[in-house]
Amino acid sequence: MKKSNPRKMHHRFVVLSLLAGITFIFTACSPTPPSDASSTQLVSKDNNKKKITICLIPKKKGLPYFTSCAEGAEEAAMELGNVELIYDGPTDGSPEKQASMIEQYTLKGVDVIAVSPNDPNVVAPALRKARARGIHVLSWDADAIQDSRDFFVNQATAEAIAHGMVDTMVKDLGGPKTKADVAIVTAYLTAANQNVWIEHMKTHIDQQYPHLNLVAIKPSDEDQKLAFKVTQDLMKAYPDIKGFFGISSVSFPGAAEAVKQAGKTGQVMVTGLATPNSMRSYVEGGTVKSVVLWNTAELGYLTIKVGEALATGKLKQGDTSFDAGKLGKKKIAGDQVLLGDILVFTKDNIHQYDF
Amino acid sequence: MKAIFLRILSLPETFLSCLIITLFALISQLDPSFLQWEVQRSLSSHIWELAIIAIPMTLIILTAGIDLSVGSIMSLSAITAGMLFQAGSSMPLACGAALLTGTIGGFLNGFFIARMRVHPLIITLATMATYRGIAEGISQAKPVSGFPAGFTRLGQDEWLNLPFAAWLFLIMFVSVFWVIHRRALGLHVYAIGNNDTASRFSGIHVDRILIGLYTFSGFASALAALLFVARRNTAKADIGMGIELGVITAVVIGGVSIFGGRGTLVGTCLGLLLIHETREFVSWHWNRDEFILIVLGLLLIVSVVFQKLLRHKQNSS
Amino acid sequence: MNHTDDTRKTSGWLRMITYLLRHRAIGLFLFIGLLTTVVSWINPAFLSGQNLRDIAVQAAPICIISCGVMLVLVAGEIDISVGSMMGVLAASMGIMVSASRAQLPPHVAIALTLLIGIGMGLFNGLLVAYVGVPSIIVTLGMLTALRGLTEIIMNGAWITDLPDEIRFLGTGTILSIPLSLWTTACVLAVTIWLIHRTPIGRRIYATGSNPQAAQLAGLSIKSIKLFVFAWTGLLTAVATLVSVPQLSVVDSGIGIGTELLVVTCVVVGGTSVNGGVGTLSGVLCGVALMTMISTVLIFLKLGEHATYWSRAIQGLFILGAILADHWISNHKK
Amino acid sequence: MRDPDMPSLNIQNLSKSYGGTHALRNVSLKIHAGDIHALCGENGAGKSTLIKILSGVETPDQGLVQWNGSHLSLGKVHEMESKGIVAVHQEPVVFPDLNIVDNLYAGRELSSGMGTWLNTASMKQQTRDILDSLGEDLPLNQPVGEMALAQRQMVSIARALFNQCRILILDEPTASLTTRESDALFKTVISLKKQGVGILYVSHRLEEVFQLAEWISVLRDGILVSTQSSKDLSEDALIQQMVGRKVAYPSRQQPVNTDITKNKPVLELKALSRTPAYDDIHLKIHAGEILGMSGLVGAGRSEIARAIFGIDEFDTGEILFNGKKFQNHSIRKAIDLGIAMVPEDRQRQGLALPLSVETNLLLPSLNAFQGMTGLDRSQMRSISGQLISKLGIKTGSPDNPASALSGGNQQKIVLGKWIHQNPSLFILDEPTRGVDVGAKSEVHRMIIELAKQGSAVLLISSELPEILSLSDRILVIAKGHVSGELAREEANQETLLKLSLPEEAKQSP
């Protein structure tokens, strides 16, 4: 056998590698075990009822926004007792993967598929196939194409979200009379939801706020670092810029940090969509006056409730209201179950929320 | 006799077959419902596009090259078809233009690699960014959908119980297999991978073959893009993102040496089967998308380590 | 008298030109100069101290990692796992320091993060050098697997409560120069020292230049390869430590795509993928160009439509740089 | 004569086998300081294994090596080098991207502070000293890969020398050198010997062996056949010992066809130029003629050959083939016209080593075996079988990889891939470099046979006896110019040598 050259260097390497290997294994194993939210099965307390399997598919797994939705969904499943909840989605947020998952669940023969489509067009054929198989299909968080789903659990329409963000920005800037340049930091340029919002934001600005001037839309590729960099660059390239929309939960904190580090807290406004926890320090520090969102846990909760009702026949097309347990009665407009208004988190109320 | 037995044993194909059999045995224990024909046939629709690109990729890696731009060519071709369709052109024309775009993209890769002698890794790294950028630019990152039913049926219909895409793959596989094993071109490809100077000095048109292979890769990517668009009824600039890694993983797990000259198309097929079944089953059984990443990454490393050890064993005995 | 002076001058010029041509970085350097001139002519704000400083800070982590990946390429291997390594490192660092999780003291967490970085690098290196698996395959596998591991470590939540000591690593300044720039300067100094002033640096180049000759010369190729991977792991950890705390939130997507950016920088900087060739000055130019492009595109204020073309423009820049470099080096011969 | 107290390298009972084949069996040998000890043997006799063991690259299965009475621990390059036992390998082992200083010091850099600080200044100074002692003036900062082959060889010899070497192992040091460069090397070798360095000299060129060595040992099939004083040995006897049988040294005593120049010219070059490689080259080769091309390495011979075969382009001039102008040509076109080339670097340019013998033999003509249904495997098998037996290629099966064959047999494959196509012009660039004695004579016989059958042969060789014994006419190239054309009768070693030297006097004042 050929032996490698055992020199001092070599010994040092072996010792070092052992040491590092051990730490690596140690740290790789030490993270907290997966919480129940992502585990697949929840044992029902009541075995007599027929089990209803509901798949809750987020746009992207691993975002706190969706994790908090899943916690609400889990609560509903526990409460109902006859629901088996599956929570899984693409970790990279790929619409294609979402469609593949829907196809898998269709084959498995689950009862309800609730999906927050990354791209309604891509998942539509898969959803139609599922419906053809007799599976109840819901869209939640974001709407699918109308004929590919039964109901949409609507926390806010795309229009409402877009208007909410623009209105909040205008309010933060000091009213509709203020002249200001603003920019949008989006997720991927191809991100379907964000693009719909951007369209609505543009029309809303054109119609309502002639003084607001949208100077740039830049992608952050779902990378906080890039969002940070882009915001920094925009502030320097457009010195008159007064406001940033961080319209994904990754780009928002990145943009806020850039403004904070540039020392423009109070001069440049940042608003957008994110969970309160990730924005808490900025809201408390004053960089961000308001964060637009809704109660995510309630959204998850409502989705599961609607799914169960649909599968058991409690909810039919044409109903105008729905009894959502602890949330009380919810309005149904056509085929949309409405969660309620969007929430705006500010310094005054953010401490009440923890998700 | 023993030597032959050992040789067969040390073939990557044998090792892969054993791995696949083990996997199926495991699946039949854990979740037999996954093995129903209906399920398998339906899930297979997730692999065909990747499989179609894997064929030219196998040939390219056999020549000691690599093509990272396949995913970007997919998006550029898809956008070409989509934009033309939106502009009112007929679907066959749009498809033809998409195939042409992909072919040109592949040709440019091949041209830079063979004529300018730039390392394929570098050039396709650059065109990977460029092609997708162009797709984003001309589409302004907007999706195109609502393709006519006649077209979307291509991606969703079945013929003799198999998806249309599967037939395309089979036709492609058989014809390339025939070329590789029954034509001089096949041996030329292997010769280039083993020693391109010696091949050049033997009068083999190395440049032409390389350009041809990359062009073929571009064409196959465009074909895969059309199948994708038909299946999902959407053309968008983010199509095929990251597919190159999946394709390369399948080819390498299939026993094709990344340094060229060694490997077979059959191996690639087995590699495709292995990663497809693993991916689908992990997702089917555990519903944890992040597991798939870990399992696939480890599968790649472990299978290459094992193939290496087996070959080593065969050489030393 | 006059005559001799003249010839000396021309020969000096000639020597200078050949020297410049020999240095692959020079073309890039001129290109960067041209780009800067054009942009600052259109938008003078580009040359402001603040902007240059921001660009430098943005480039810092890429620069640090490139120092490692360059040596890997010089040794004749490749490492495309750095992006996912960053993800794992950021996640584990976050978990360790977070007030709501492990709550380790910051210095312990920093030391452990560095160790984990070295550990992952060693794992790559062991598989490449001692098991003999091609590096592109090992690191491709790690790229995939470590990304999954990051998701599992983060478990769907983000870390939003980094302690101030850790935030200081990303946002703090010493003598009003950001800490990340000091770190980058240190890494560069160490790399220069490593390459030019230590036997190991010379041996890395020797190994990549001709592995068989290196073996005959009695070099331990295996430990050299192990070293470059471990070094890259360490530098990735350093880059993570100074770049992730720039932001207040640790998410699970940190580092995605970094490997492509780093390899592009190193390759655009003239490092050969076949090993043996690569200069730090070239890599620095590559990093500068790659981090500048996107900023430049913003400063040119090309309007909204251009936003969607920016990736294409970036790609064309890379393609142009590579082809020009090949054209020049082919015509040199 | 010899001082018994002189230190010596004592090799005892070395054995080494690779996967069942014995490369060395019980080899014992003693090399004294101040001696030149030649080691002869055919390729595959075990010479390289012995060298690898002595240089510490390989570990033997059995046996030991003593230096000056003390045991050496084997398998470590550093151990051997620290004792002053250094090998110069056949292929110049250099790092092409590094400069001379880094090449010389790779793996044993001078550093202080526990390897944390290189002493670049002293390394540079010492390098300069060593080059001076070798009489070489090479730029210190140029990457070695940009230097000529002979210079690279000097670099690897310099690398061996500067380490206070006591035993120097030279493996085929002149294989890529021209006569003049070889002479310079011999001078160095002899002066080293006088300084008390023991030299183990391995070479296929027997005239060198007799010129230099006091002792000659012969290895055959891994066994040491004999160790004798060179004075007691004749060349024929030595060959017999190496081959194990009597070998007739073939040479072309008389031109087969005395009137070849009356045959039609197969190839004609008119004022072929390419700066800076060659300039204004005129030549004619007739059917059935062997035209020798002599000159120093780097004189431009291989470049001319490459231009004819369509590998490189040329600037001006024209190439006429069978009287027709050969336009925008490529390798493929050259092959189709009937030109064949055996390139100078067999392993890198001639063969796809991992592929089978059959594939390599048929590589240029694979298209001919294609039918409607695919490749005609049985025809391929029969043609390759014919070639293997015709050329006497020693291989178990045509399916064996070419890498498993010896150098001589590999060279036969490179020749064989062209022979069955009956080319009208053969370009042979160093066809017997690194080929052992037995195979060499077979290759020579084949070359003569080719000419007999009417092919034109352009033979490029640095080995003067080879050129002299085979060629009908000899063209000498110096610095890219034709410096002389000699009929076979006029030519001898001295005239050839004189013509190949780039004489400053010849240049215009």
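The letters A, B, C and D name the chains in turn, as written, and every chain counts its residues from 1.
Everything that follows uses one rule, which is that a contact is a pair of C-beta atoms (placed from the backbone, for glycine too) under 8 Å apart; a residue touches a chain by one contact, two chains touch by 3 or more.
In this text the structure is predicted, and so the values were computed from the model without any measurement.
A.B. asks: Quick one: which chains contact chain A and chain D both?
C.D. replies: Joint contacts, listed by label: B, C.
A.B. asks: Find out how few touching-chain steps suffice to connect chain C with chain D.
C.D. replies: Minimal hop count between chain C and chain D: 1.
A.B. asks: By the contact definition above, name the pair with the higher C-beta contact count: B-C or B-D.
C.D. replies: When the contacts at B-C and B-D are counted, B-C has more.
A.B. asks: Please tell me the distance, in whole Å, between the geometric centres of chain A and chain B computed from their C-alpha atoms.
C.D. replies: So the centre of chain A lies 33 Å away from the centre of chain B.
A.B. asks: Can you work out the whole-Å distance between the CA centroids of chain B and chain D?
C.D. replies: About 44 Å, centre to centre.
A.B. asks: For chain C, what residues touch not just one other chain but two or more?
C.D. replies: 147-149, 151-152, 218, 308
A.B. asks: What parts of chain D, by residue number, touch at least two of the other chains?
C.D. replies: Residue numbers touching two or more other chains: 76-78.
A.B. asks: Counting only residues that touch at least 2 other chains, which ones in chain A make the list?
C.D. replies: Residues 5, 7, 34, 38, 61-62, 91, 189 of chain A touch two or more partner chains.
A.B. asks: Could you please specify the touching residues of chain C with respect to chain D in the complex?
C.D. replies: Residues 196-200, 202-203, 205-206, 208-210, 212-219, 276-277 of chain C touch chain D in their complex.
A.B. asks: Inside the complex, what are the residues of chain B that reach chain C?
C.D. replies: 112, 116-119, 121-123, 125-134, 136-137, 139-141, 245, 248-249, 252, 258-259, 289-301, 304-305, 308
A.B. asks: Show which residues of chain C lie in contact with chain B when the two form their complex.
C.D. replies: Those residues of chain C that touch chain B are 78, 127, 131-134, 136-138, 140-149, 151-152, 260, 263-264, 267, 273-274, 305, 308-316, 318-319, 322-323, 326-327, 330.
A.B. asks: Once bound in the complex, which stretches of chain B touch chain A?
C.D. replies: 33, 38-39, 42-43, 45-46, 136, 141-143, 145, 152, 156, 228, 231-234, 236-239, 241-242, 280, 283-284, 286-290, 293
A.B. asks: Give every residue of chain A touching chain C within the complex, in rising order.
C.D. replies: 4-5, 7, 9-10, 13, 16-17, 19-21, 23-24, 27-28, 31-32, 34-35, 37-38, 61-64, 66-67, 70, 91, 189, 216-219, 221-225, 228-230, 232-234, 236-239, 250, 253-254, 257, 261, 277-278, 280-282
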